[in-house]
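In this document, chain identifiers A, B and C correspond to the written order of the chains, with residue numbering beginning at 1 in each.
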Amino acid sequence: MDVFSDPLNREVYLTGFLWILKLTLAGGVGALVLGVLLAAMRVSPVPVLRAFGTAWVNIFRNTPLTLIIFFCYFGLFSTLGVSFSDDIDLNNFWLGVTGLSVYTAAFVCEAIRSGINTVPAGQAEAARAIGMTFRQTLTMIILPQAGRAVIAPLGSIIIALCKNATIVGTIGLMESSNAMKELINANGDAVVPIFLVFAGTFAIVLIPTGYAFGWLANRLAVKR
Amino acid sequence: MRITRLVAAVGAVAMALTVAACGGDDDAGGSGSGATGIVGKAESGKLVIGVKADQPGLGLQTGGTYAGFDVEIGKIIAKGLGVADSGIEWKTTVSANREPYIQQGQVDLVVATYTINDERKKVVNFGGPYYVAGQDLLVPTNSTITGPESLAGKKVCSVSGSTPAKRIQTDYKDAKLQQFDSYSKCVTALAGGQVDAVTTDDIILAGYAAQEQYAGKFKVVGKPFSEEPYGIGLKKDDTAGCNKINDILKAAAADGSYKKAWDDTLGKSGKPAPELDAAKLTNCS
Amino acid sequence: MTTDAVLYDHPGPRAKARNRILTVAFGVLLLALLYWIYRKFDEKGQWAGALWEPFTESSTWTDYILPGLWHTLEAAAVGAVLSLVFGVIFAVGRLSDHWWIRWPAGAVVEFFRAVPLLLMMFFIFFGVPYLTEEPMSIFWAVVIGLTLYNGSVLAEAFRAGVRAVPAGQSEAAYAIGMRKGQVMGHILIPQAARAMLPVIVSQLVVLVKDTALGYIISYNELLQLGVNNVAANFGNVVQAAIVAAVIYIIVNSILTAFAGWLSRRTRRSGKAPRATGRGVVMGATDPGMGGGGGATTTL
């Protein structure tokens, strides 16, 4: 582990994972907000909204994230002139967050929709029968139950998002995959330890996170 | 393009194995005259040459054919070995697979923006250099950038993890570095005005400047700040072939075919043909 | 399932009017956005004929895009078959009665699910040659990376599927004298596979998308040939990327539609173990990752 005794290399490693953490947090918030909006559109009575939600899901879910991130730089920034910051890294970071959010939102939307599907139709019918409005049915009957069913898939989406954050490296952010590439380039004799440290960091953080979400989902599961 | 230490090291391992396994006895399909290596291979009238496929002006695959300065150099070498153009099989190589391709015998020669350095010399043999490139800057025609010193505060683009990118980071800290995974993307960003300059070997930049769709838009600054001798890669143990390549290069410089290769390809960028320095052809081992 | 109709009543006159206003307002907003994007692209000259023209020539397709697509599908197909094999083996391993099989299998599956595929491929291509002392072919680096990741995800899907088979079935099988292997092979796996078919197919969509990462280690797939090489020739990287994206969307939509059809079919036939709300069942048995449908996506 000589590689990591050099403070410069340690810094490369730490900055790499700091970017991943920031991308995951910002992308996660963006994806959740967008995803809930999209899910609301997809179950709404307005056909245009439904069509929009469906189109979004089909387009973004079926395109490789690499291409979406690419479009964020060359479409959103380069052509449409949307700029977040004058600082190259910060601008690329927010472009990356945008890409991760629109991509992940498609999955969040589908998870929420299938969560809504787990609530037996009879419950919504009963709610309507006692005179509840659409909003009341949604907030008091459907969402509390759907929310619980959604925890497990949401957990896997967040974990996937964290791993996907490495792809933002393709527009030049020095996140963990680029950091690993850089360290390997400079220390060709230590490829294996470098990989184990980077992969190990992901594993150590994400495996317990996965179990935590599983435990939570189990605990909160609606027993039927 | 340059290599990374990593790739060289991977190559070294591969080489060690190849040598161990084959006992260094390498008859690359020679036709019985006793000659081995590429000289022997050439007697069969066929050669496999590895070139880049996505480097305008140097090695660019357009349809089924390859064109560029590297490709022309490949043709000159083949001709000198007695192989006609029709006997050449071109193969796409990328920076990462040049050493393995040579060692595994998938190609006989590699002419693919291949910088000669000590690390690579441990695993392959280098004919040449046929050109000495240097890191330079590609800027819009009306740019005020005159060299690496005037990069302070400017946005410079290069390929992530490459030697040019590294040099900007360490030697020109005031420049802001944008990295992509290919130079095409850097050049697109330059055309769109998102970056102020693209940096890598001058010859690669000249290739982009000479491209039709960018004609008149870009210029190469012309103040190289590193030295990258481009060589022709072949098997480590093929010393005879390596010397033969150097003889062919000398002859090509003398009879004008070297200059013609330049004028037909990168000369279109407006850069005058370089002189081939015969005194430097000393890399064979 | 018609969620929509369950959530709200048939709209009355007031709701209808409100919906109409929403439709118009949102429609106008959407059109305005699309027009703005169109104008901006126009300003930057991205609709210029010269940039799009290459895609009307057959040589662009036969030289770059189709070979690229072929390589993408080739890696995806080999990767898919190997992932399924890997998935079944490790699912059975994790369900084993012996701890010395169960634990290593679990560790392998958990590890490969947690490591980003980008890092994996990079390591397989550049790092593994140090261990094996043999150069790694790009194709196999891509395929092995795809297999380890997607195979691990599938292993979890199979395991959840096996657990979803009612316990009475294996009890009955043991009761009529079947051995462990027979119970697994004849009773549990076939039912689990059928129950998990939609999950499996949507994981294949993920696999197709993941091949796109191959271009980072310069595998000649759709992005490398269809975007990088086309752009090197014609200087139209944005246009080339749009064409590539459309191709991906078409290929994956076909696969997704196939998954939907399969899931409707298995549901109708009633042969699959029908756990109401697959999400809940899987969520309960599978720690974190194996959510319903495409939610398991990574990279």
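Rule of thumb we're sticking to: a contact is a pair of C-beta atoms (placed from the backbone, for glycine too) under 8 Å apart; a residue touches a chain by one contact, two chains touch by 3 or more.
Quick caveat, the model's predicted, so the values are computed rather than measured.
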Steps in the shortest chain-to-chain touch route ending at chain C and beginning at chain B: 1
Farthest chain relative to chain C (centres taken as mean CA coordinates): B
For the interfaces A-B and A-C, which has the higher count of C-beta pairs in contact? A-C
Return the distance between the CA-based centres of chain A and chain B, expressed in whole Å. 41
Chain A and chain C: spacing of chain centres that average the CA atoms, whole Å: 16
Touching two or more other chains, which residues of chain B qualify? 6, 9-10, 181, 185, 188, 192
Can you list every residue of chain C that touches 2 or more other chains, as numbers and ranges? 44, 126, 130, 215-216, 237-238
When you check chain A against every other chain, which residues touch at least two of them? 74, 78-79, 169-170, 181, 184, 191
Chain B contact footprint on chain A (complex, rising order): 73-74, 77-79, 87-88, 92, 169-172, 178, 181-182, 184-186, 188-189, 191
Residue numbers of chain B touching chain A in their complex, please. 4-6, 8-10, 155, 160-161, 176-181, 185, 188-189, 192, 194
Quick one: in the complex, what on chain C touches chain B? 44, 50, 59, 63, 125-126, 129-130, 133-135, 138, 215-218, 220, 228-229, 231-238
What part of chain B is in contact with chain C in the complex they form? 6-7, 9-11, 13-14, 16-17, 53-56, 60-64, 92, 94-97, 100, 103-104, 181-182, 184-185, 187-188, 191-192, 211, 213-214
Inside the complex, what are the residues of chain A that reach chain C? 43-50, 52, 58-59, 61-67, 70-71, 74-75, 78-81, 107, 110-111, 113-118, 120-121, 124-125, 128, 134, 137-138, 142, 149-157, 159-160, 163-164, 166-167, 169-170, 176-177, 180-181, 184, 191-192, 195, 198-199, 202-203, 206-207, 209-215, 217-218, 221-222, 224
